[in-house]
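Read the structure below first, then the notes.
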């Protein structure tokens, strides 16, 4: 299995097969190369590595995406974190810690994004 | 034990008693309040929480401090991560993942900082 | 009066009682701790301090939130600045200065956010 | 021709006369000074300079605005880049390169913004 | 008095005549235009404006430069703030507030920079 | 020629064979994977692409690295830009443009870095 295939499999396990299908339908001549980059480099090369488990990779991403101010991607990776076994309580702890280091506005936005995901999944009233 | 005391104990366990002693010697009328803030809020209020273990807290900090471009604090928290049971291989995996999301310049700087800490500790030739 | 109560009072004076009421209605098991953090640490511990007046604290926040690219929070703190006696002309001066240091895209976005607040308040045609 | 006039002409050539007309209609006592700043300093003073051609200036802006996380302004400058002779393929190459240095989330957002512009212009199915 | 002259006067009042003299000695064909930009746009056009006093302008800059992670420029503007009548206690309050919004690493670095300036000026033991 | 080899060749052409040799001497078990990533992904996969020339790639990097606050990497890529045919005057224009969009502190730092490189190369007195 080459990097692209293995990346697509990981992406599908992480975000669900619908997510990958939707990405494939949106693929065109303009975004083809960045999609390849995402599948081969991000998922096929980095996420595919051993050494830390997927749950830890999700934790790292939530921390980085909060710091980098990227709410759209944060939303996807909160989905991924839940899939990888991160509990709602653990998610809360991670985001609370971002308040001290990234500042309260960053943490507040991350909580808002997380609450949306949790509501969609029926994990929050 | 109040938040300040409990924060100082955690800080001491994380960075070593020498680190805390040095901070205390540098304490003055100007930085007194921010040092209190660090001890009570950061360590006494957030790091003191249950819900995720200290190693996970270290992982989160390494990810955030790399994204936030804060090499001096990253250096301390790489120390802390090693103390909290993060292996050199795990550290490598965390930093590799930052390359994809924060960009190669951020990851390159984080590797440079980490190598310095590892050399000081005799964990890298 | 403890830090939480004093923080809630300041928040209510700054953003209005409706803002606090709405936050309370949105409080749940997931965001409880970050709301406590906001009330106790941000407003009860920092905003509650003497040494600079509230108008100056609003000025600082507008500058930081523009630099940090946080338009949603900037909007709230432009409200707060007006409440704290910042005039429309002073607001204009603060935002103009951000153009030089944070760059024109940051300042342009901050002006856009401020104009929305001013229009809602009937302070701009 | 003074800096303001020359800036307005460049802005009009870059974004189209409708863009300038719309800006003029939105001009008011509050944003007058930042609009002057934009016309005189940004376009009349910097974009008006010789030394590099306008297409290169567009390339620089796309790179900066992706790094700075400013999608609204990025959208305008992708328009400008196309006007200045940047091809769709060149645009793709620029954005791909941002993935390595600014990280994949920044590049992904920039591709999303660019695709919208390209679709509006009929340059992408 | 044109913008350049008026900017140089303000810069001299803010940072001292030695600072301006040193900048002039370092002026060369490569940095001539950015120095002009700094004098005319930053100081001659923005700092020269009425509407808020210079002390408030210094407060804004300290907040922005802490958020933007620019310690070298922060150091100069802490000098300027003291010149503009900002007390050591007020400086402490401003920097404490950055901890909540920009995060503790940003505030810690700003305190470190400020302490250096205060020591050089004999305002801190 | 595989991606790694082709990346190493481009890196050598861009920064000089001494730069690559020095990197190889610093290679160890800890940084091996990030060096591979740099060679294969950054240089072998992205810089190796056709579609824009290397001088344009250098321009993009200077713009991004100034925005991202990464002076050490900026220094290397200013070297690379000169190698790729960017003139001193063009370099000046690029950096001037960053002042408007990234802010004056970012541009000032980038000029400082560039002047060091130019002096080392004998291109500035």
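For this structure, a couple of remarks:
Here the chain labels run A, B, C, D, E and F in written order, and each chain numbers its own residues starting at 1.
Rule of thumb we're sticking to: contacts are C-beta pairs under 8 Å (C-beta built on N, C-alpha and C of every residue); 3 or more make two chains touch, one makes a residue touch a chain.
Please read all numbers here as calculations on a predicted model, not as lab measurements.
The interface of C-D is repeated, with over half of its contact pairs matching by residue number, by B-E among B-E, A-E or B-D.
When the CA atoms of subunit A are superposed on subunit E, the rotation angle comes to 180 degrees (nearest 5).
With centres computed as the average of Cα coordinates, no chain lies farther from subunit F than C. A count of contacting C-beta pairs for C-F and for E-F identifies E-F as the more extensively joined pair. In whole angstrom, the spacing between the mean C-alpha positions of subunit C and subunit E is 24. Chain centres here are Cα averages; for subunit B and subunit F they lie 30 Å apart. Multi-chain contact residues of subunit B (touching two or more other chains): 37, 41-42, 65, 68-69, 92, 96, 99-106. Residue ranges of subunit F in contact with subunit B, taken from their complex: 28-31, 33-34, 37-38, 41-42, 65, 68-70, 72-73. Put simply, subunit B touches subunit A in their complex at residues 41-42, 46-47, 49, 51-52, 56-57, 59-61, 63-68, 89-90, 92-94, 96-102. Subunit A makes touch with subunit E in their complex at residues 100-106. Those residues of subunit C that touch subunit D in the shared complex are 69, 88, 92, 95-96, 99, 103-109, 111, 114-115, 118, 124-125.
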